[in-house]
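After this come two complexes, each holding chain A, first together with chain B and then together with chain C.
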Partner chain A sequence: MRILITIQNKSVAPRFDLTTEVVIALCEGQTIIGKPRTILMTRPSSEELCALIIKENINTVVCNGIEESHLQYLTWKRMKVIHSVVGPYREALKALTGGFLRSGTILEGAKQGVKNG
Partner chain B sequence: MKSTDTDVFDKIKITEILNGIPHGTVILDRDLCIVEMNSSLELLSGFTTSEARGVRADFILRCNIGKSGKLFRKLLETGESLSVEGNIITHDHKNKPIHFTVSSFKDENGHPVGLFIFLEDISILHSFDQKGSSRDGLKDILGHSPKMLEMLELMPVLAHTDASVLITGETGTGKDLVAEALHNASKRSRHSFIKINCGALPESLLESELFGHVRGAFTGAVKDKPGLFRLAQNGTIFLTEIGDLPLSLQVKLLSVLDDREFFPVGGVKKIKVNVRIIAATHRSLRELVKRGEFREDLFYRLNVLRLHLPALRERDGDIRLFLDHFLRKFNTSLNKSIKEYSEKAIEILTGYHYPGNVRELRNIVEYAVHICQGKSVKKESLPEYIFFPQVDLEVKEKQENGQVPIDKSIQNQPEADQVTYSNPTERGWSDIEKEMIINALKKTGGNRSKSALELGWGRTTLWRKLKHYNLN
Partner chain C sequence: MMHAMRGTIVDKIRVLIVDDEIEFGEALAERLALRNFLPEIADSGSGGLEALEGGLHPDVILLDLKMPDMSGFDVLVEVKRKYPSIEVIMLTGHGAATGGIDSMERGAFDFIMKPVDLAELMEKIKLAYKKSISTS
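Take a look at the complex of A and B:
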């Protein structure tokens, strides 16, 4: 499974459309294979981000706020989108591979991790 | 957050004050983390105050101002205020235009202790800018037939009271539009208008949706949920298809109407609400009461003010009005330049009985505009089914399954239908219309003016139809 998380500092970015940084991780079962890769985008753009997601053959996208059109587009492209996730991206990745990350989750680390991030 | 800050917030019931504000409102501490937010912001963000407390605000607000909280931090340091337009991503994935007002507040020593952010939803102003429309919802309702004029005269009166309203009418007559218009014209218009279809969710989910639940109330209730009644605080809740509300929830709704308070699912603390209830149904509630499927007390409680929307076939002259309105609308949206309907098309369209009412007419026009290749909508551009008499699909299906005998199905027509049909399967609309005219003439002792009034038509229309059916 190829996972993409939109990030801002060390947390899941508040908005998909304003994201300039993403993390891509490869995961098999509950194990993350290798070191997650960070990609910096030249500018925030939902369309460019969607194109990157397609190009990278992503299966699951983790983000926070996302507009309906982009959500529908990614769903239509058979991608699983877990949205409205708040908290450190590492914790989100761990929760995802553990199988318990749901849309609308505020992760434990959000209250400290977000501040520090 | 420092203990001194906590003391300040503890002295007053801050949540109650915030909930009285009809716009999203949030208080941040000096770390820009959420201390309190009101129910309007809960509705916008989809997060409850208890889960959002302690989380940095930009991750909950999802706004486009002040990336990474830099702007908020600057305001906190300088003590300045800011008023700016921006947007947020709401819980339902909408990009909502917002007017942000941010101001800092200080402790007794003059040190900044936090920020106060006020989020005013300006999407309605944006849509007016784009459409040149008016805020007065009543103006969105089209119709100049006597029955509609009567209803439009009544609507401002209903809008300015706070009593429950029951809207009845066949499917597609515009019950949702009228409910929203009543809310927009009422003093509650600055607060939320929340719609829920009582027939769309199973009983257990519906109770939790309406009244909320507390964490641990049932398997999967991992966090508190405020429920739509709480989210509609000071606003209006619109319960559509109220006839489908399960009996157990009818009791709970009755108690909300009587006492203005309720227990969330699994909760021990009563929640007080100040919400206006508008209910709508296309079914006959009186019939449901007789069959024991709807509580009589709730029926009388909801039926304080009743608004009956006439079927399109009873709205003399409005069909033509809608045909022109939707032609203009779809011309613009589909980038077409159709100028008119041909005479034959008009004859067919004005003679059709529209069992699906305005919704059906709108779909027919949309179909025609898509299909039409010329400058005028001709008979060939109309959907084929309107050339044949149709039977109510639901009734037909039941009849085919042997569930409802034909005569019984007619008795079960919604009370919105003032007309008594005999057997629509064997006859077309013309026969039914003829019978309606005869019934009206019988009822009024042959008085044509009164008959026309009874049928909701003008005298000329009645005269034309009498001539058409050889009833002179």
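Take a look at the complex of A and C:
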């Protein structure tokens, strides 16, 4: 399974359309194979991001806020999109490979950030 | 315009990023700094050349191919003429491999297509650095 997570700093990026950085990981079962790749986009663009997702043969996209049209497009392209995920991207990746990441998940790291903030 | 991202520590690979897409240049500089490189940014071809003329001496230049004031080709030719020991890696748009190959014919060390895979880019910077220290 090829996973793409939209990121900003060390968290899942708040908005798909404003994302300029993504992490791509290859996963077999619950194991992440190799080191996840970090890709820097030239500019924020949903269209360019969708093109990258297609080009990289991604199976699962993890993001936070995403426009309905892009969500529908990716779903139509047979991708699984787990959206409205809030928190550190590493935790999101771990939760995904562990099989318990769902749309709307607020990860523990985000809750701690709120408590500490 | 040109600005330093970090202090002057000589044991890190000094990288000059020349790209008119400022947000991209800054994001790239930030990521490289986190990985122990010493990046500087110029937001135009002429700005990059001015920085070199002003005494900045990077080991490697990351040079965007398409810029409004001067093309990456023109900057590349000028850099290789005046500072032959500095290695240049061209940043080209997606699907613009031809431009990258043309650049290599004009003296670029290598090229990388945007969006940029950081691991691939860092590998190329390290190889370019090895070449630059072996020729300087």
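Worth a mention:
In this section, the second predicted complex is superposed on the first by the 111 of 117 C-alpha atoms of A that agree within 3 Å, B and C clash if a C-alpha of one lies under 4 Å from a C-alpha of the other, contacts with A are read in each partner's own complex, and residues count from 1 in each chain.
FYI, a residue touches a chain if its C-beta (ideal position, glycine included) is under 8 Å from a C-beta of that chain, and two chains touch if they have at least 3 such contacts.
On a predicted model such as this, the values are computed, not experimentally measured, just so you know.
Legend: residue contacts after superposition of the two complexes on their common chain; A:Thr6 is shown touching neither chain B nor chain C.
In the superposition on chain A, A:Val86 makes contact with chain B only, while chain C stays out of contact range.
Once the two structures are superposed, chain B and chain C can be ranked by residues of chain A touched, with B on top.
Contact with chain C, but none with chain B, is seen for A:Ile39 once the two complexes are overlaid on the shared chain. Touch criterion not met for A:Thr97: it reaches neither chain B nor chain C. The interface of chain A with chain B does not overlap its interface with chain C at any residue. Residues 31, 33, 46-47, 51-52, 54-56, 58-64, 67-68, 88-89, 91-95 of chain B touch chain A in their complex. On the side of chain A, the complex with chain B involves touching residues 8-9, 11-12, 14-18, 64-68, 71, 83-84, 86, 104, 106, 110-111, 114-115. Looking at the complex, you find that chain A touches chain C at residues 20-21, 35, 37-43, 48, 51-52. Against chain A, the residues of chain C that register as touching in their complex are 21, 23-24, 27-28, 31, 93-94, 114-119.
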